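Below is a structure I'd like to ask you about.
Each chain carries a letter (A, B, C and D) given by its place in the written order, and its residues are counted from 1.
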């Protein structure tokens, strides 16, 4: 029997194939030079650097990859893709991994980031547009970081930077339909 | 000759946290005879959240705005770098006929994907030769900060060089100000993480502010509401956390253009920034 | 169409670039459909327009002529002559009742094994899509030939 | 009635693995004119060839078809086999069952079926074969070497020493090439100039070598043994016969321009020798920058405004009156029997790397620039200083693979020498200044070569260079420092280093004009513009064109020992060619049937090799092929309206026989 932390590579993994299908990138083209991680602004805060993440996909280490903080700390700044000597669109790969992680319902290592996205997208069909105040309030409540950024509030309000009331646009109803249709299509 | 009439998509933030960007942009364009016709009841482009959770959604939301612009038959001018990026990505994805069909079906009505999307920065940069300057910004050292969303990936956004863009610098120089050559023009400020991972935003924004300060910049010029809020609203915390006096006004390039064209700080809503630019501008006799 | 339909392809390859390119595809083990039969010629300019017609007459579904990239001809200008000759022929084919899509002229260099294998695969797909050709005289029985 | 023998090669499992040999043999038996079939494990092996030889004799075979690897691989081998059985070697046809069949199609019926068809195709063609007899032509035992770098120098010397005349053409004012620009060489740290200079002098003084510097090959016609070469000699404006190379002119010339040899980090004068050990040690005048030639152009073009000064100082000071303003560019023609191409490489231009500053940062230099900075005869006399402020760098960072292994730059290949020269630089910098700390960002350390690995270890263990495994992502200026951002992929953590100097290990790319020259010579080159050898393993210094050989980095990244070895190899190949007194021509040429020729001479118009002469018979004028010049392209054959021309080995009859064999 093998020890848990010992890697058993699975070269032809369902993880790699689905990532390649979603992203249109050939993961095996990565030769691990690390230029992505060298330029990545958040690599310092990740548990796996982007390069290690690519390696993880090559070896088919699903849990490590989908469970990494990497995919949620990616800022989509595209530096990795812009500079990759193998011309792999790494940012696109990470995007696919996020979507895959959600589809797989795997526990996000940075749950707040996913929560933020969920709330953000939750508000759009309601108001048609983003509304910072609702976003902030809902986030603080649901993430239980009740005081996050509260210090800024008074100044933001006095500067008139935050609109108290959410926007009201006719488009909202259309957007609601749009969301529904997208969900429907994605179900198939 | 580029058309002087544009369909205009402000984007959510320009009606709230970035009101000053919207106002200064309209003000400047109007007095230059550039007409901005705002899209009727436009909605959100999905920002970073859509493409982080659903490919299709991240195309469908911007597609709705593209369609609106198509109906107006005008090129679409965008102020927010995030919206610009999302719209350009959508256009790119919609080049695939299958996607185009699917998405037009989702948003209902015909979509031809024929719209040209331009960022306001480019629109104004093309005017730089003949700007009516009332108050040249002589003696003002500006660090032009482009962020990520305007320049990467170049083959899709087709805006400017990914590593050392020049468009904003040229515009700022045309205002009589001095733009500084620095290495952080396109480094990331922390994007959409301020609520969830403030620490990262502080770290990244600090590096940018520190570098600009060190090179003797009087202020940063930006073209993205997200960058603006990350760099402007965090300065107190940064100074406290890193014991590093990085205080630097963060101005929208439209505000600098407006200033040079002689509009008052009030008209340009210069008072809206958390880091007040007025003392610095007064000292330079620019306000 | 009939699933087992296999287009017959004759390829005239110049010895210096395209035949070598085909060899390269071999040495690099790049697989492609077995439908092509390669005839080695010194230069694409050696290929007489008559040969092409003969091939179709012999029942070929497609003919591929390939030589060095323009400017790289081993005989310095052979492929230019070939290009002109076959541009003309292509126009005539329709007149002979042969879809011109069945006659390809492509340039493949000695180092382009990948290009060669892709080319053959693409041509084979195209021809399979088009289905069997109605050869002169003996009409192909169209019952085994549904729509592409 | 032909008696054809069919021999199928298993090539171990290379063919037999996917092709059912037994079926092929069975089918072959049924083919028309086939009198004998057999198979071999390896036909090209001695026993294989022997069994073919014996079978030919025993069965009185008069045609042979071998189903094996590509004819481009073993056609000559098997022609010899056939000949050794007393059969005309041109009565052989090869069916390409390996490269075109077994290797590219899966294991299955269709693969075997195709193999059978390829054999039938060959049998049909062979049926129409006839005995062919090569002719003999004379050859000029004189060689042309293009390129005066170390590979060309070595080739020229070896050819000259084996007693043949050599014309060595170099486009720069001096021979020496890239090697002359290097300070030290790995892994021995020999002084590059010290080991190169003696060879350069030998070239300059060798009675068998005609050295044409400042010259370029313009046009090449003819064929092996009989090439005619047009060489453009750029005007030197100095008569090298009377010039003694005393140096007064270039010491006194007032016009200073950036020196190409010093990678523009130093200056030269308008009349100059590129470097101290130059061969020939005599100057040329750079007419684009010389004040007087500028003046002459100014007057000639009748421009308005202030005239440039009529300097002419060199002319006044020259003790031998060697300055010759009248000298013009001239084209000379040389007859040679064979050509060695050794046009070398140049270093990749890193300005495309915006993330490394794209040339904006003066203290980001290339490896070649560092060589000049370290060289005692360089612009700083060997003092390593920052171009920006002349300070001595203490922290030096190296970026590997700049312009190598980078598809983004269209350069996917490894340049091979960079790993080693970075190690060399690390060791040398430490010797120059013990306080220097080197950091080397690498992807892999490629040290495959004699004493290379030991040398790379030495850089780390003795010179204390820190190797960091990762490609640098960004370099930016921060005050006087350069901040280098990388990842230490062994720790999996980002790294930042504040450097005083950054060295980009730029890779090798082909010299400007490589592709153009290749076209002039009718030899092939790859997508990177490196020249292609006849066989990458077995014929590494030959080309597909007889009489043209290759050497050095023009074929692909090479280091000095390899280039020298190839120079010698090319020379040896060439000497082998010259050791014959006559050459056997390939009989696969065109031939005109005078009876059918209408004398339109369209063939003469289209022939790329002027191989068509006209022959006046008693009744009329007809075309006739000069078999020495004819290369057998068949262009005339296809264009001959009367069908009077036939290409031996590829006649209409033979090719159509192949077609008619298909899908029977």
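One rule holds for everything that comes next: contacts are C-beta pairs under 8 Å (C-beta built on N, C-alpha and C of every residue); 3 or more make two chains touch, one makes a residue touch a chain.
Bear in mind that the values here come from a model prediction, so they are computed numbers and not experimental data.
**Q** Of the chain pairs C-D and A-D, which one is connected by the greater count of C-beta contacts?
**A** Pair with the higher count of C-beta contacts: C-D.
**Q** In whole angstrom, how far does the Cα centroid of subunit C sit from the Cα centroid of subunit D?
**A** About 32 Å separates the centre of subunit C from that of subunit D.
**Q** At what distance in angstrom does the C-alpha mean of subunit C lie from that of subunit A?
**A** So the centre of subunit A lies 49 Å away from the centre of subunit C.
**Q** Centre to centre, by mean C-alpha position, how many angstrom separate subunit A and subunit D?
**A** 50
**Q** What's the distance between the Cα centroids of subunit A and subunit B, rounded to whole Å?
**A** From the centre of subunit A to the centre of subunit B is 23 Å.
**Q** At least two other chains touched by the same residue of subunit A: list those residues.
**A** Subunit A, residues with two or more chain partners: 44, 79.
**Q** Mark out which residues of subunit B touch at least two other chains, giving numbers and ranges.
**A** Each of 162 in subunit B touches at least two other chains.
**Q** Two or more other chains touching the same residue: where does that happen in subunit C?
**A** Subunit C, residues with two or more chain partners: not present.
**Q** What kind of graph do the touching chains make: line, ring, star, complete, other?
**A** Graph shape here is other: it fits none of the named patterns.
**Q** Run through the chains and report each pair that touches.
**A** Once each pair is checked, the touching ones are A-B, A-D, B-D, C-D.
**Q** Which bits of subunit B are touching subunit D when the two form their complex?
**A** 161-164, 181-184, 211, 214
**Q** Spell out the residues on subunit A that touch subunit D in their complex, using ranges where they run on.
**A** Subunit A reaches subunit D through residues 31-40, 43-44, 48-49, 51-52, 79, 83-87.
**Q** Spell out the part of subunit D that touches subunit C in their complex, as residue ranges.
**A** 70-73, 96, 98-101, 103-106, 110-111, 113-114, 117-118, 121, 519, 522, 524-527, 532, 544-545, 588, 606, 608-609, 631-635, 637-639, 647, 650, 652, 655-656, 658-660, 662-663
**Q** Of all residues in subunit A, which touch subunit B in the complex?
**A** Residue positions touching the partner: 22, 41-42, 44-45, 73, 75-79, 81-82, 89, 95, 98-99, 102, 110, 112-113, 115-118, 120-121, 124, 128-132, 135-136, 139, 143, 148-149, 152, 155-156, 159-163, 167, 169-172, 174-175, 177-179, 181-182, 185-186.
**Q** For the complex, give me every residue of subunit B touching subunit A.
**A** Interface residues on subunit B, with respect to subunit A: 12-13, 15-17, 19, 41-44, 46-57, 60-61, 64, 102, 105-108, 148, 152-154, 162, 186-188, 190-200, 203-204, 233, 271-274.
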